[in-house]
Each structure stands twice: as structure tokens, then as C-alpha cells.
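Each chain carries a letter (A, B, C and D) given by its place in the written order, and its residues are counted from 1.
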Amino acid sequence: MSKALDEACYELALANRIIAHEGVLDGFGHVSMRHPDHPDRYLLSRSRSPELVEPADLLEFTLDSEPVGAPKAEFYGERVIHGCIYQARPDVHAVCHHHSQSILPFCVTGVALEPVFHMGPVMGQVVPMWDSRDEFGHTDLLVVKPEEGQSLARALGPHWMVLMRRHGATLAGRSVRELVFRTIYSHANAEIQLRSMMIGTISPLSAAERQRGEPRQLQPRPIGRAWEYWTTRLQKAGELPPRSASKPARSRPTKRAAPKPPKQRAAKRRSR
Amino acid sequence: MSKALDEACYELALANRIIAHEGVLDGFGHVSMRHPDHPDRYLLSRSRSPELVEPADLLEFTLDSEPVGAPKAEFYGERVIHGCIYQARPDVHAVCHHHSQSILPFCVTGVALEPVFHMGPVMGQVVPMWDSRDEFGHTDLLVVKPEEGQSLARALGPHWMVLMRRHGATLAGRSVRELVFRTIYSHANAEIQLRSMMIGTISPLSAAERQRGEPRQLQPRPIGRAWEYWTTRLQKAGELPPRSASKPARSRPTKRAAPKPPKQRAAKRRSR
Amino acid sequence: MSKALDEACYELALANRIIAHEGVLDGFGHVSMRHPDHPDRYLLSRSRSPELVEPADLLEFTLDSEPVGAPKAEFYGERVIHGCIYQARPDVHAVCHHHSQSILPFCVTGVALEPVFHMGPVMGQVVPMWDSRDEFGHTDLLVVKPEEGQSLARALGPHWMVLMRRHGATLAGRSVRELVFRTIYSHANAEIQLRSMMIGTISPLSAAERQRGEPRQLQPRPIGRAWEYWTTRLQKAGELPPRSASKPARSRPTKRAAPKPPKQRAAKRRSR
Amino acid sequence: MSKALDEACYELALANRIIAHEGVLDGFGHVSMRHPDHPDRYLLSRSRSPELVEPADLLEFTLDSEPVGAPKAEFYGERVIHGCIYQARPDVHAVCHHHSQSILPFCVTGVALEPVFHMGPVMGQVVPMWDSRDEFGHTDLLVVKPEEGQSLARALGPHWMVLMRRHGATLAGRSVRELVFRTIYSHANAEIQLRSMMIGTISPLSAAERQRGEPRQLQPRPIGRAWEYWTTRLQKAGELPPRSASKPARSRPTKRAAPKPPKQRAAKRRSR
């Protein structure tokens, strides 16, 4: 594996853990990136909670969401969300799907999510809403078939974030760091909008304010500043992913034994 | 004690601690399992906060909620909740009773708890509401008499979760892990429904969506994925229950001396 | 100092820290107990945040809230709250004054705080509301004069908790542990009532339910169970107060130098 | 560097970290102080999240917000907020700009923030609201031009806190400790007001209560008591800033290399 790919995998594991550590992802949801050397593939963890993802958990998939090689692992059921967006949007290099408690009230009520403070435009000018009932009727709400993923990608269109009725949100980014930034600050915007609606009538950003704010907030400096903050918080909590150097050999991850209740000794190593 | 029973007791102690660590249980409430070898008995901790429960705290009860043997311990006052459900429902192998701050607003107002996102159906198609006033008038609200436990079990009926007016919730599961999964995600559904009602009108899952979602979300993979997540979080917090191996001899737990203010040295061992 | 007094002081320091650690007290507020040997005196910390209180910080006051001896220390400005209640209520052995964010919405709006779940009656059948404007007009809202403390004690009357308009709450108990139990579960009741009012109309406990619930919930077993839970949580966080044994000599506490920014080495000792 | 300046820088780093650790600041926002020896300059960190600021990150700026010397560092884009207030208000010695989730609902709805409990008057008698649209039309909402900073300083006028529509808040203080106290308790007041509005009609402090409360609450004793509390909490979390003694030589900070993902070993040092 190339050094660049190694770094990319480490960054993707970091992204998984940061978004979980900042309270957006819980046991479910997932984060992927387009393969840095093969734009017709993407990298995504085996089926595992994002807070636990390590570089060695990452697998390669084609844009049809078929695994490359024959890894002995379980896959996320909803990986077509990722593949279909990478297919439809060559400018997208990272995708996150989550069910945060700040976003879901908008998905449950159908209230539009709008930029309400200066950081809001990082989620894009408009956040469309997709409803699985429109094309597929009454399902189990999961997005597992290619046509479901394609429908969602169409709803996303040229935007950066799409809400999913009674389900959650899917976000895209030009890079992993932009995606993490968008995911965390759209979550913050949702929480602020919800809290604002409890005490009065919201006055969201105007179209001109959104247009000016989006490029401004997505400059390298604010993204870098926040990235340093989130990685340091992860580090202080003892939650950084392990480096691949700690493994004797780097090979395609294989399915591990079913998780056993971990041993008490592990508590010595980590202390959050 | 058989090795299988040993593992079952460890899993039940884990379940107590996970549900507390994830913020559903506080100092009160309890979690039990049907005895793996004797379906006419169940295992439940002596009277102790769930976050502190160890395998050595577990006691055996008949389905009439009488202790097996004569353990020198104090018992939970509301253990009939468990016994009466195991009597009425042979398919139930684990029970949890709690008073979470996300569930209680529904119990206080009588607003129906409904599945509002894709994970919601894990609590069942319908969540009935039981009111102690209907059969027993104005009591202290605790469920301590056999007829009170039987009434609650009838209200639960064929469902998996029942709300209790001005009191809390009781949940059942086919296994300990399914119960933990249902308890934590019904709590999440309640919180999302509450937050949704603050900003608009909820649009819950349709009957067909509930029917399709329930079996899908209760497959072994999502339950196993969440179990790995929750046990790892417990481990990182230094909160795993002690293994029985750390005890010189494994015997029926006896009542311990009243808890003394613990010594400061213990702080070295754990560090959350 | 007698061994019994020593234990009492340790328990009072624990009470200060528990109520802070469970999120009811912040940097302000205070907790006292009647002197176990001299019922005409009470014990209260020098002016210091409750989370930091150690046994060595405790001072003796007469029921007129005058310090016994001439300790070189700063005193809480509002200690008459404690003295006036001990004067008016011989059955009271512990008092807490706080400003929790769950209680304050009731003090700011004048909405009545009512028992809404089975634990609610621990705060008493009725929670009266006191308004400093009624007798004293427009003050700085602090309770610092004897006549202000006496007015508050009259408002408390035979009850166990009194709300203070635009200020906070004061609670009394027959013992330190009963006080801690009442303080934490009235805070929980307030939070549940507030959250319930966001989604519907509350249906509080009936008068009969309150009368039956109060003695039931204040039995030694539930109080002891919660006390073990809270002290263990404090212990796991490394927050237990130091034992006096760690001091070379036990004497009346004297004023210490103004707090300096603590040294980094301390971080090794504690790790929350 | 003088010993006094050394202490001042350490206190400013502490202030940054305290306000972040208490949940008011996140990855963005900033805290400055007027230079203790040169009242025509102020001290502010290089562009970095407040929770991470160390004394070595602090830079000097003229009141026109130009850096003194030619430090190789990136600067906060919105530092004119600080310079313009120091220019307009000789009595101000410390400034904080933040976007807390308790304050923002007032900025999004235009609802007035008012003192609702006894600590509320620390934010001043009145909290004005500034809207960038009034003078500058539809911008990206950031305050980066001198005329924008001057407009904000005019809106602040003789007060101590100003809300910024769709953006956040800016606060001033006579000292760093007064500023920290005001920032944290205005945040608490906002949260209490918001929660109160969810259950009823607020009854804020009268003008006379505000006038009496402000000087009372800003006495050295309550500020010192809270300062001891917050620094101790920071210490217990292992989050105190490093002392300059840990550096071989103390010189003007230079730009460091872009933050790399920190190494796992650091986790041994800190353990929150």
C-alpha cells in the first residue's frame, strides 16, 4: 500500500471517530472517501460503529458498491448511498450518512433546515428533503438497493446535504476534512434552529448572505483550525485510531471473530 | 455454577451497566434475564443501582418472585414486574424497567409514543400505556403486589414495551442483547419524537413501515454491531464488571455490609 | 474533635460534592448540616464552591449565623438561609440552597412545581413559592439579612422545599442523606415536568398518591441505594473529599491564601 | 518579558480554556486582553481554537489590529472586534467573542436577552442587539473590516455585552476574570431564559433589581470563588495550559508547522 493511501486511510479513520466523538454519529451511520488513486472506487469500513473504526477496517468498493477482492468481512447494508453519490458526482470525494438527534426533528416533521447563523452556509445554499415513500412506497426505510441509492443521489442533486424523511441525513464533501466540517456545523445549525424555534420566529440568512458565506467558511484556514481542535480533543480522550505501524503486516482486512466482551486490562490503556 | 451460566451472568451485569452508561437508567430501575437452564426462574441483582451490578450480585427468583434459597440480601421491591412478565410470556428472556427522562414526558402527559424514525420499530408496532389508577386507584405508584405485576403484564400483552403513567417504562426481549438494543433505541426514539414535537407536527412511520422495519432492525448484525460499540465504550470508561475469576470462591451472594464511603485509593484504578 | 463529628463532617463534604457532581449545584450554592452534638449550631463550609469542599473547610455557626470562635475565613453571604431554617424547624438537620437550570424555569415563570412521577413526592406534598419582592421590594435578590432569612423560613413553613422567585430553591432534610436524595430527585422531577410541558398537558400525582408516595420513597433502602450509587460515581471520578487523616493536625480551618492557578502536576493525581 | 506580563499571558490562556471547558466556546471564537504595560496594544492568540491556546500562542496587536513585529503566524480574521472595542472603551481590559448555543437562539429570533435570575445582571442592565444588515447589507456576516468593528463597538456603547444577529455575542470586562465571569453567567442566564420561555411567561428582573444586582455580583469574592472553581475543574481534566518555564527560551511565537495528526503517546499524558 502506498504511503499516500496509508495517510488517506488514517484520515478516514480519524473522520469516523471525530464525527462520533463530537456527538453526531452514534453506533450506526458511516463515513467513506473516494479512493485517492482509483477514482472509480471508494473506501469504507467493514460493518462497525464509526467510533471504533481503524485503518485496518477499511475496504475497497467499486462505485456499484461491490467489494474489491473477496474480503472476509460483513459490509454496511446501506453502502449504496456512498457508491451512488460517487457515481453521480465526480466532484465529491467523501460522504457521511448519519441520524443525529439534532437533524432528525427536521426529518420527522418536514420543517425545512435553513442556515440560521454565519456557519450555516457550510451545508450549502439549500438542503433538499428526500422521502423514500415517493418512489418506493412503504419500505423498512433503509437505502439498500441501487435504485434507492440513485434516487437519493438525484435528490441531493448539485447540493451538499440531503435530509431523508424519518431516517437521517447524507452529506458530501470535496475532501474528508470539508465533509467533517460540514457534518459537524450542519448539526450545530440544526440544533440552533430547533432551539430558536422554541422561543420565537427564526430569521434565516438571506440568499446573498448564504452565497457569500459558503466560500468564506470553506476556506482552508477555518477548516484546518477546526480539524486541529477535533483531533486534539480525540487525542486527549485517548481515542486516536491506531497507526498501521503497530501491525506486523499490512494486508486486506479479514473478518475478525465476533466481538467478545473486552477484558478489563484494556481499561489501563485508555481512560476516557 | 456452569460455564454457560457464568457467561450469562456476566452478560446480564454488562446489560445493567450498558443501559446505565448510555443514560437510560439512573440510580433506580433494574434488568433481569430468565435463567438459561431453568426457565421457571429468573436472575436479578440484589437491590443495587444497575451501574454498579456485578455477576456476584445476581440472585435467583422463582416466577412468583420468591428468592431461591435464603440469600442474605435486600431485594428490589418491584421484582414482580419481572416475574409476572416471565409467567405470562414464555417467549420473553429478558426484562428492563426504567424511568428515563426521555420516556417520562409521554408517561406524564399521556401522549402516545410512536416510531418516528427507521430504528423506532425496534420497540414494537404499538406501545401500550398502563395506568395504575385504572385497577388499583391512588397508590404510591410502585408495582410491588403480584396483582399489580399481573395487571402490567396484561397491558404489555403481545407487545415488547409498555409505558406506565407517572412512572416509567418496562421492556421485554427475546434475549439480553435484543432487550438492551430495544431499551436504548426506544429511548432515542422518544427523545427524537419529543424534540420533533417542539418544532412541528410529527409524521410517524406507517403501519407497513413498522411491520417491515421491526424484523429488519432486529437482525443479529445490527444488534451485534451496537453491542460491540456499547461494550467498548464501557471498557474505555473502565466500567466493565469484574469477572468472577477475581473471586476466590463463587457462591451465592450474601448481603454485604452497608456501603461505606469508598476509599480514595480506588481512584487510581479507574479514571473516567 | 470527636470521631462522630469527624464522620459527620466527611459526610457533609460528600454531600456538597455529590450534589455538584450530579449537576444540581454549580460554582455557587451551599449545603449545611446541624451540628450533631450541639443542636444550636450548624456546620457550613467557608465561602467555596461545593464541588471543592473538604472536611477542613467546614466552620461552626450559631443559629444566628455568627461564626463560633474567630475563624480567619470568608463566609457565604447567604448563610442566614441555613440559620433561620434551623431556628424555625427543630426537625431539620440539613439544608441545601441551589440554582439549578431545571428548577429556575419555575422560579422565572411562576409555574407551580408539582410531583409528576413516582419519585416526585420526595420533595413534599406541596412546594411553596417565595418572592423577595413581597416583603422587601426590589433588592439584589440575595438573602443576606436575618429578616430575609426568617421570611424565607416562614414561606417554607412545614414543607421540605421552597422555590425563590428569580433566584433558585432551598431544601431541608431530616438528615444529610435525605437532603441529598430530595435535592437530586426534585431536580429530576422539575426536568421531567419541564420536558412534559413541551409536548402536552401534565397530569400530576393526586393528593392521595403524594401522601402514599412520600413515606415510601423516603425509606432507608432507596436512600441508601442512591447514596451508594452517588458516592461510587464520585469515587470513580476521583472526586472523593480527602480524609482528615491526610492532615498533620486537625484544627479549626483558617483562611488560606487566595487560590493560585494550580500546578500541572496535579493532573497526574486525578484524571477525570 | 516581564514577570507581570508572563502572569497576564498565563491568565489569558486560562481564560480561553475555561470558557471553552465550560461549554461556551467551541472550535471558534476568541478571547483577548489589553496589554498590561502598553494600553495601546492588546494580546490575542494566533488563529487557534480557544481550548488549545497556550501562553506561547499569544501575539501583540495595535488597537488598529495590526500585529506588532512581524510574527510568522496566521491571525484571527475577526480581530477588529477586539481592537475597535479597546479603542472605543478605555475602561475595557478584556474581550470575548463567541457563538454559544444558548445565546444564538436570541440572535436568530431577535428575542431580547434579559436578566431572569439574580446572576443575570452581571451581563449589564441592557444587552443591545447589532445587525450587520443595518449598515453593511448582505455580507458573509463576519466582522473583519475596521468599519464593521467600529459599528459593533458603537452598538455595544456603554454596555458590557452585545448580541449579533445570526452570528453570536461579544462581551467586555474590566479584567480577564470579570470577563470570564460575565461570559459564563450570561450564557447560563440565556439558557435559563430559553428554558423558561418553553413553559410560561418570563418575569425578568426589574430595573431596580438589575441596578442593585450588578455591583453586588461583580464583587471580588464571587468572581474569585468562581475562578477557583473553574481553574480546579480545568486542572482535574488535565487541561491547564503549559507554563512558559517548560520552554527553553521565551520569544515571540512563530508560526508552527501545520498541525499533524497527534501521536498516540500523547494520550498517556492527558486522560480526559
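Note that in this section a residue touches a chain if its C-beta (ideal position, glycine included) is under 8 Å from a C-beta of that chain, and two chains touch if they have at least 3 such contacts.
This structure is a prediction, so every number in the text was calculated from the model and none was measured.
Least step count on the touch graph, chain C to chain D: 1. Taking each chain's centre as the mean of its CA atoms, C is the chain most distant from chain A. Both copies, chain A and chain B, contribute mostly unmatched positions to the interface they share, with under half of the numbers common to the two. Between the Cα centres of chain A and chain C there is a gap of 45 Å. Averaging C-alpha coordinates per chain places the centre of chain B 31 Å away from that of chain C.
For chain A, the set of residues that touch two or more other chains comprises 198, 238, 270-272. Touching chain pairs in this entry, ordered by label, are A-B, A-D, B-C, C-D.
On the chain B side of its complex with chain C, the touching residues are 26-28, 47-49, 51-52, 74, 77, 99, 101, 104-111, 137-142, 165-168, 194, 197-198, 238-239, 258-259, 261-264, 266-267, 270-272.
Looking at the complex, you find that chain A touches chain D at residues 10-11, 14, 116-119, 188, 191-193, 195-196, 198-206, 208-209, 212-213, 216-217, 221-222, 224-233, 235-238, 240, 242-243, 270-272.
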